[in-house]
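Here it is, the structure, as structure tokens.
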Amino acid sequence: MAVNFPHSTSQPLLEVKDLCVSIPSYGRSVALIEHISFTLREREILGLVGESGSGKSVTATAIMGLLDTPGLKITGSVRFRGQELVGLSARKMRAIRGRDIAMIFQDPMTAFTPVYTVGWQIDEQIMAHERLSRKQARERTVQLLAEMGVPDPTRTANRYPHQLSGGLRQRAVIAMALSCNPTLLIADEPTTALDVTVQAQILELISTLRDTHGSSVLLITHDMGVVAETCDSVMVLYSGRIAETGLAEALFAHPRHPYTTALLNSIPPFYGERPHRLPAIAGTPPAPHERPAGCAFSPRCHDAQTICSTIPPLSPAGNGQQAACFFSTSGQQEH
Amino acid sequence: MTTDLQTPASPAPSVSLWRQAARTLLADKGSMTALAVLCIIVLACLLAPLYAHYVAHTDAFASNVAGSIVLNGHEVDIMQPNDNPLHLGLSPIGPTGHTAYLLGADSQGRDIAARLLYGGRNSLMISACAAVLCLFLSTLVGVTAGYFGGITDSILSRLMDIMWAVPVYLFAISLSIITVRHGLQIGPFTIEADNLLIPIIIIALVYVPYAARPVRGRVMVLRQAEFVTAARCLGVPQWRVLLFDILPNVLITLVVLGPLLMALSLLAESALSFLSLGVQAPAASWGTMIQDGEGLIYSRPVVAIAPGLAIVFVVLALNILGDGLRDALDIRNATRRSR
Amino acid sequence: MLSAFLRRVGQTLIVLFGISVLVFLVFFATPGADPTARIAGRNASPQTMEKVRHEYGFDRPLPFQYATMMKKLFITRDLTSYANRGEQVVPEIIQAAPVTLSLVCGSAVIWLIVSVAMGTLAAAMKGSWVDRTLIMLGLVGISMPVFWLGQVANLISLSRYHDTWLFSWVPGPGYVPLTQNPLAWFKALVIPWCVLAVMFIGIYSRILRADLVALAQEDFMRTARAKGLSPARILVFHGLRTSAITYVSLFGLDFAQLLGGGALLTEVVFGLPGVGRLTYQALTNLDLPLIMATVMYSATFVVLANAVVDILYILLDPRVRDGR
Amino acid sequence: MLRCLTFAARMNFLRASTLAVIAQTLSVSVVILSPAVAMAQNDSQTPPLPHSGGTLRMVAQSSGGTLDPQISYMALTRQFETPVYDTLLAYPKFAGARAVPVIASLAENVPQPEDDGLTYRITLRKGIRFSNGHELNTEDVAASFRRIFKAGSPTAGPYYSHLKGAKECLADPAHCTLKEGITTDPASRTVTFHLDTPDPEFLPRLAWSHSAILPADTPASDTGNTAPPGTGPYRITGYDPTRFLRMERNPYFHEWAHDAQPAGYPDIIEATFGLDQESELTAVENGQFDWMYESIPLDRLGEAGDHFAGQVQIYSQLLYYYAALNTTLPPFDNLKARQALNYAVNRHAMVIYHGGPAVATPICQLIPSGAPGFDSSCAYTKGASPEHPAAEWKAPDLEKARQLVRESGTAGQKITIVAPLDGRYGAMATELRNTLAQLGYDASVRSMTQAVQFSYIQNSDNRVQIALTGWQADYPSASSFLQTLYSCTTIHPHSDNSLNVSAYCNPDIDALMDQSAMLALKDYDASNASWARADRALMAQAPSVPLVQIRRVTLLAKRVHNAIATLNDDLLLSQLQIK
């Protein structure tokens, strides 16, 4: 069921297959994500889209091996450069984390430990993976900060997180993530907490990374606008399942899943106030333990039919797209 | 000692929150064991007169140094003379293993087992009442300070500072020393010095800063909360906001604080009684029993150890229950669970 | 900065003044607190009583008496006890302070080390049997009345098992100054240290564990993990270092309360002539000058500790540093 | 004028008396030395006694406050100051029944009352020097008596107000001269005391510690933590009320009368303060200290008796515990209620609370055994009545007591016992409460520290119904048990110093007591017999409930010998020998 993106020529960097994460709750197992499969090639930017609670972050953290809630069960396969990450020993995983795969988190406000300077924290990551002296590490830190467009990087490195503006802080976060030249960067809603102008700068920065650092990016967002601007390909998640995948242009042109359609309708205007949620879709996505049988989107779907009470398989919908909707091929979308 | 109760505000807790908390609590083995232990101890203490009368055949409050009992057909003095050339000193009878003087006698020839049960009544009653009274006062102070803010808050906070600046036990001891002589006069009412209300009031009072702080914090958060602002904007009168929006939320804090405060009160009561400043004779409490046993610690340690263990068990059970309640009612957890 | 400092000093003085007035009024109004008879001696004639009353100024108005007492306490520092003729209270406190300081410092070291170890270990092994055992141990520690634990410790170390190798070194209750004999000082205090520390170990290991567990949910802890740091490094450098802010502030206040006399039950049980016992004796004897002196001493410590904690806050938390 | 018996441990008694004889012979040789020689060789002032030398280390729970010998009223301080200060007369410093009455100390003679007891004339001994080297003269004596008033000695009023001019001194201490009260003749070294009214106890009062003779230049105010120079074999060289007291030999001392002020054995006497009784006992058992001042804690009496019997010291004191019944407040304004409680109290239980018959004996009269005027009698025991007292207490009579309560109609009233917080009082108070409850009263106990309680119960404003307390006479005398505690003159309403806690006033009995006292000036035995009658008359009115008379039980270290305890001075520190 792997999704292949026809235009990608390079070999797959990350191969996720049938990834499922479930958690026990009141005696039964509740799936947080189910059967997530995708491939990410080198220098590719993949957008992972969905509302809050759709499983984007779970997918990302599962890849990073950062899920450690007691009782949590992860099945499936995550291959990074051919190496299986699911079930990898903690020590080996640590060596990959931060060096080969780095992650940028949603809120730059809280991403840094408040009691250390930004520089110290970037140095820490460098020194955790490379045999460098503190001085050498700091040199690299300052250089990275400069590359990220941080003014007066030497001074900034000596400042505490709370002393920096949101944008600067997110640049520092990205600098930290890139400090060991990771081949895969997972960015979890990197711009949500920033104001619009800074948002654009950060997105610009991320999209140039593949050229400057040769990194692939897994960009997690709920904002279709961001995807449109930045990503090569898109994967839409809904309630822990893949709703639709495809190349960005194709998907934006012809969404095959009613959810994707709804999302596209809700792209906020570039100027003006950014809505906090996606108000265009009535209702809220179901919590994992309240997920309805069958298509999870059916309760909110205008076109839901009786057939929707069974889970729709992810099936090709033309133009390299795949969608998990019984009606995806019959073109029942309004657009 | 802090409790982590300054959780983000949420709308007035619904019935389901309480129900869910109860369900969580019921599923918690530790809390249930603690509750069972507590119930057994409370029940046993309530049955003290029956034990004293029908099992031990003793008057737990009458000194009996000159008396004797029949053990295995022999008459045995309750105060046993020492067998040394100078005929110095007498020791109370040790644990007999019989129904009479099961745990032996104290320095006044009284049945320790029976006194343990009677003492428990007072200890438990005082600590429970003190906890409730303290919560009441703290709510009053905390809600007033937190809700009205400004000068009211400043004054109340400074007052709490003053109370806080004196170590808790020293504060309680000072109050006790004053009241133990002449009782307490509140308006037209006089409380006699040997009234159990006095330790209750004192203990409740000294822990007010301890409990008022989280209440105040919570109210201050609630006051800023959207649903309260909304209610105020709708022109709901202040007392209604306080009564129906703030108080139910504060109630969670109070319920969680309850057992912890009772545990603290029990310890404070025992400390005061140990210093002869709490429960006054003839009434007994576990603290006064430890005090009785202090002089016998080397020859008859059971006199002091038995009530001490009783305190440890109850306080432990209360602490476990408090932890269970906090986990069950933690609003952060509740919200996280439903997100 | 200066104005904040001055405001702080002002607040402190107000609190101290409030306490002193309160204590003065309360204990002067207490029946049986009139020290004249005790100073004059038993069976003293009314004339002698009158002489004493005048000599000590008990016939003057209360504000005057208050002012005199404060002057004698803080300026001339020759305030004398009412219960023990000729006994100066300031030197008495100065003498008692090292005892309390020895007790509390030693105990604090123990509770600091053990509670950090226990709390960290429990948080690191959250959910395991080790965690549950440590939580339970902490709870038991909190649940024991300290005076009772002290008695039991005395019973075990001085009576029941005194003849075994384990406790034969334990000296009888009492205090030996550090300057006189360091080893004897240590021997005399090690059991009181442990007994006093037990409750605080319980409290602080629980607080620390809860704090660390809560911190584990924080974004920056996730960042730290995403950086590929070892769990130990994350726990110590990111978790503990951040928790230290809360821990230290609580620690400071408890430490100050103990220094100010909060350890009185331990001092009473172990026969240590410290400030707490002195305060207790003063209170039971209704010895107003000594009560006043010890309460002021204690309050000063607590207020000072508040200030120190604030400074520590600034040192430990850069956010607060800039907030001022 | 009090005769007392000292029940020192039997084994020590013989040794003590033989040693006293040896010491006496030795002292003769010292006296023969001329003062000049004695002064020149300060070190040789140390009497060459066998077993002398060493440091005696004693331990006490807390110090006794001020060291001013004319002000301090603490037993512990007296203990230290007995070998430091001297009075004109003194009770003999040996154990046993002969240690009464007073003998000459700084005075050469015991004065005979002249002018029907209005004048007493003494001659000072020669060559006695204070520890500062100053030689004792008549002016020191006069100044010391003035200082009693100027410094505000607690007993200035009760003990020395018979002196001429004493009233003025009491009213205006600053300008006290006692010009007419005391006249001196430095040339003949005589001091004459002139009294307003005869004081039958004037001689014992010259032996009372507050009339210690100090240098004339001693400041006329409480000397507090510094001890003025004295004439005894030791001087106090270091004192910190919270930590220690140190005494060294007085280089100027030489023994002038062994029985009055014997030379000391230890070179240094050191006291450590701050240990509680339990720790004191442990420390003495382990040999860390030589003597514990406090009594052995009750629960460890058995242990001491078992393992340290040879080191235990048991000695009698004129100390007994009693419950004072306030005769002005219900229910004890009713004679029957007072008698009922006297019948009902189980004094055997009280004995047990104090460690058994070896330590305590029941008492149901107001003059304790050993004091002058003691005539064993018990009106309130099974089968006895005030009209037909038994010789001693046998058993409580609850039935009679209940009947008396019924007759009094006081049953059901609320009674609060005010008791000291400390130690054994608690048990006694509970027992009393129990007895009251058995009699049908609603009784409860209120406890406070002894220091506070003692003045609290005296003040009529506090409306104390029944107070548990103890009484020890300053010196062996019947009057200090009867007149001090039960005469109309010792009632001071609204005052904290009103030793008649019972507030009992009966002019007839007062007259009988006065008469008994005055008889002593002429006929000692007749006086004692009269005191015994007064005792029985008072007891018939039951103003209080005497409970137990106790003996002191302390522990000495193994290396310490020659413990001599006198009825008046407790254990003599200076006579302890260290081997």
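As written, the chain order gives the labels A, B, C and D, with residue 1 at the start of each chain.
Going forward, contacts are C-beta pairs under 8 Å (C-beta built on N, C-alpha and C of every residue); 3 or more make two chains touch, one makes a residue touch a chain.
Here the structure is a predicted model, which means the values were calculated and not measured.
Any chain bridging subunit C and subunit D, meaning touching each of them, is among B; the list is complete.
Relative to subunit B, the chain whose mean Cα position lies farthest away is A.
Core chain by CA centroid proximity to the global CA centroid: C. Subunit C has its Cα centroid 23 Å from the Cα centroid of subunit B. Rounded to a whole number, the gap between the C-alpha centres of subunit A and subunit B is 53 angstrom.
If you average the CA atoms of subunit A and of subunit D, the two centres end up 93 Å from each other.
For this pair, subunit B with subunit D, the centres built from the Cα atoms lie 46 Å apart. Within subunit D, the positions touching two or more other chains are listed as 278, 421, 448, 456. Multi-chain contact residues of subunit C, defined as those touching 2 or more other chains: 31-32, 158, 284, 286. For subunit B, the set of residues that touch two or more other chains comprises 181, 297-298. Within the complex formed with subunit C, the residues of subunit A that make contact are 61, 64, 66, 70, 90, 94-99, 102-103, 105-107, 110-116, 124-125, 128-129, 160, 162-163, 173, 176.
On the subunit C side of its complex with subunit B, the touching residues are 11, 14-16, 18-19, 22-23, 26-27, 30-32, 139-140, 142-149, 151-152, 154-155, 158-160, 203, 207, 210, 214, 246, 250, 257-258, 260-262, 264-265, 268, 276, 279-280, 283-284, 286, 291, 295, 298-299, 302-303.
Residues of subunit C touching subunit D in their complex: 31-34, 36-38, 40-49, 51-52, 55, 80-81, 83-88, 92, 95-96, 158, 172-175, 271, 273, 284-286.
Listing the residues of subunit B that touch subunit C in their complex gives 1-2, 4, 158, 161-162, 164-170, 173-174, 177-178, 181-182, 263, 267, 270-271, 274-275, 287, 290, 294, 297-298, 301, 304-305, 308, 311-313, 315-316, 319-320, 323. Partner subunit A is touched in their complex by these residues of subunit C: 126-127, 218-231, 233, 237-238, 241-242, 245, 316-319, 322.
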